[in-house]
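Listed next: structures, encoded as structure tokens.
Presented sequentially are two complexes of chain A, the first with chain B as partner and the second with chain C.
Moving on, here comes the complex of A and B:
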């Protein structure tokens, strides 16, 4: 669905953020885009949406060139940024203003999601940041666009809303859509993400599905560190040692610990890269 | 659902469904929730639930009737019991043994408590009747 072919990108007068990256994203999945602050996650998302243009290389999104910003392409992309901007409009007028841009927009769904999120029927100016964010999420999900990009969607959401968001994502994802979520709050959404893209220092460290991660690696808490076993990464505390190691035929599959995987990927880049490329 | 244990999520969901079959919440030859329904309910990716359902089909516990949904098989209770027994024996029991050894708990002590537990359970279910 999305293909980066030898793409480089840098902001003007700065060194390249990404150099010659290749990346492919497929429909039917919820991608988790992970990376440290300033790693270029938002930039990667903006490239896909045609909000910034590659310096070199070719990028195609459903066989279209995002930089051309053709209506047929824009119909199918909904981008929910981290910092949201909302005009002084009644929430329903705000919805009505966006609807015409998305041919598959479903107003019933929009109203239903607003209700689920407890959004008051009032002017956006009277809403809190979290409420505005939920209006954007409701709009994005109701757009039925094929590519929905969410940059830090759980920021500002209260506890019940995070749960509603998880249910909402589980209900809308299908084999024709691709959802990309950039997040630092991995525990908020880790049961929904089924593909992981890990970026660091302008490189794609990993682009794989969670299933292959748990096939190849085990994540466990161990009371002692073995001197004979090779670990890819571990963290020690009084509670024990959190270990990431290659899975052998004797190891049962364990639950993916995304935070631990992230730290392993950042701290042991080369071995993790080798395992998944 | 809180996925706290170390097991893969799709296995934890399989365990959950097996428990529902044993408790009678899901009955033999009856339809169980669709992949989508269960994914929304448990707040997980539908692909994960699909994997659980494939796993349970391999274990001959449920069947996919095309266009209708997933159904609990006849005689699935036997297979569910065998599956959960195997899981208990291979995973939970070694943990229990490990703790018994550390804490120097004798198997006879456990047996006494277990007999007591069974006795109480019988009394309780009699009272209910």
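Moving on, here comes the complex of A and C:
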């Protein structure tokens, strides 16, 4: 569905952010894009949407060149940025103005999602940031675009809305849809994400599914740190030491701790990279 | 709807633009209309015992058309300051040509039509009021009384409407390109760049002729438009004048070239816009 082939990208007058990256994303999955601030997560999303152009290499999304921004490509892509800006329109007019541009847009779905999110039927100007964000999310989901990109979707959402968002994402994902979620709040969406892309300093450290991670790694809470055992990463917490180590045949499978995996990936980049590539 | 240019999508974009910006356009219209109305009001109050000044009205018309038109064009893409709005604009499923056509229609047709209708209406109304209430001083002889009858501005043959319109189309195209090129302070930056370019062109024009012609050019230090003198300051050896045909071709070619260039560059600015 999305293929980065030897792609490089850098902003003008700055050093390359990504150098010769190869990456493939498949339909039917919810990708979690993780990385530190400034690691290039948003840039990677923008590259996929055709908002920035690769300086080198080939990038194709549904076999199309995103930089051409052809309508047939654009109505398959819906990008919800972290910050949102809405016009002074009634929420229903807002939907009605976008609807004709997306051939697969379903107005009934849109109304249903608005209801699910408890959006008041009023002008967008009278809404809070979180409500406006939910309107955008509802619009994006109702567009039935094949590629939905969400940049920090849970920012500004209250706890019930986060739960509803998870429910919504789970209901719209199918074998033809790919959803990419860039987030720092991994705990908000970890039950949904089935593939992880971890980026750091312009490098793709991991692009794998959550099953592979739990197959290869063990996440444990231990009261003490063994000097004989090799850990990929550990950190101390109030409850004890949180450990990430390579899974051996004796270890039982553990639940994926995305936050711990993220920290392991950032702090022990080379070993994690070796393990998953 | 496919990847080809679609008038249906243009209609949708136009409707979307009016829905989203309608209130802003209305406020701009009210402000512009109010300013013209107010100035006309002041003119009429000061003219009930005098002639209705046509020069001031012409100036108001010219300033309104240029300042208003260029400000409107230069602010057309002011939403580029907002990253989410820019993303929304870029990713809205329509071709670049369709998106560009919206700004073309609004800046090149809608503004001028609205301005001309508004201005003509105010002018007509104020001339009618003036003609109704003017008190002609008693000492004015019968033959001169017609000077106290206000003529509608467009009845006057001294309004260079054709030239003004050509200048309007060119300056608004430049302002529109400026709005795509500069995210902040587009109007100010475009005006400064425009002035610098004109000054540089005049300077370069003289310098190039200096290089081409071995004798001094325009010894009195004046700039030239259609002809220039060569030779000594006190004894010029001749005047160089372009053949009429050349002049006509250049006079038509330059504005058309500038106009098409601005819109072509605008097209590519939108097409290549990255964020």
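The criterion applied here is as follows: the second predicted complex is superposed on the first by the 275 of 277 C-alpha atoms of A that agree within 3 Å, B and C clash if a C-alpha of one lies under 4 Å from a C-alpha of the other, contacts with A are read in each partner's own complex, and residues count from 1 in each chain.
FYI, a contact is a pair of C-beta atoms (placed from the backbone, for glycine too) under 8 Å apart; a residue touches a chain by one contact, two chains touch by 3 or more.
Not measured: the values here are computed from a predicted model.
In the superposed pair of complexes, A:79 makes contact with chain C only, with no contact to chain B.
Contact with chain C, but none with chain B, is seen for A:87 once the two complexes are overlaid on the shared chain. By the touch criterion defined above, A:253 reaches chain B but does not reach chain C. By the document's definition of touching, of the two partners only chain C reaches A:70; chain B does not. When the two structures are aligned on the shared chain, A:46 is found in touch with chain C, with no touch to chain B.
Of the two partner chains, chain C is the only one that A:103 touches; chain B does not reach it. Using the contact criterion defined above for the overlaid structures, shared-chain residue A:167 touches chain B, although it does not reach chain C.
Taken together, the two structures place no residue of chain A in contact with chain B in one case and with chain C in the other.
Residue ranges on chain B touching chain A, taken from their complex, read 3, 5-9, 11-12, 36, 39-40, 42-48, 51, 91. By the touch criterion given at the top, residues 28-30, 163, 166-167, 170-171, 173, 191-194, 211, 214, 219-221, 252-256 of chain A touch chain B in their complex. For chain A in complex with chain C, the residues that touch the partner chain are 46, 49-53, 69-72, 74-75, 77-79, 81, 83-85, 87-89, 93, 97, 100-103. Of all the residues in chain C, the ones that touch chain A in their complex are 1-3, 9, 12, 15-16, 19-21, 23, 82-85, 87-88, 90-96, 271-272, 274-275.
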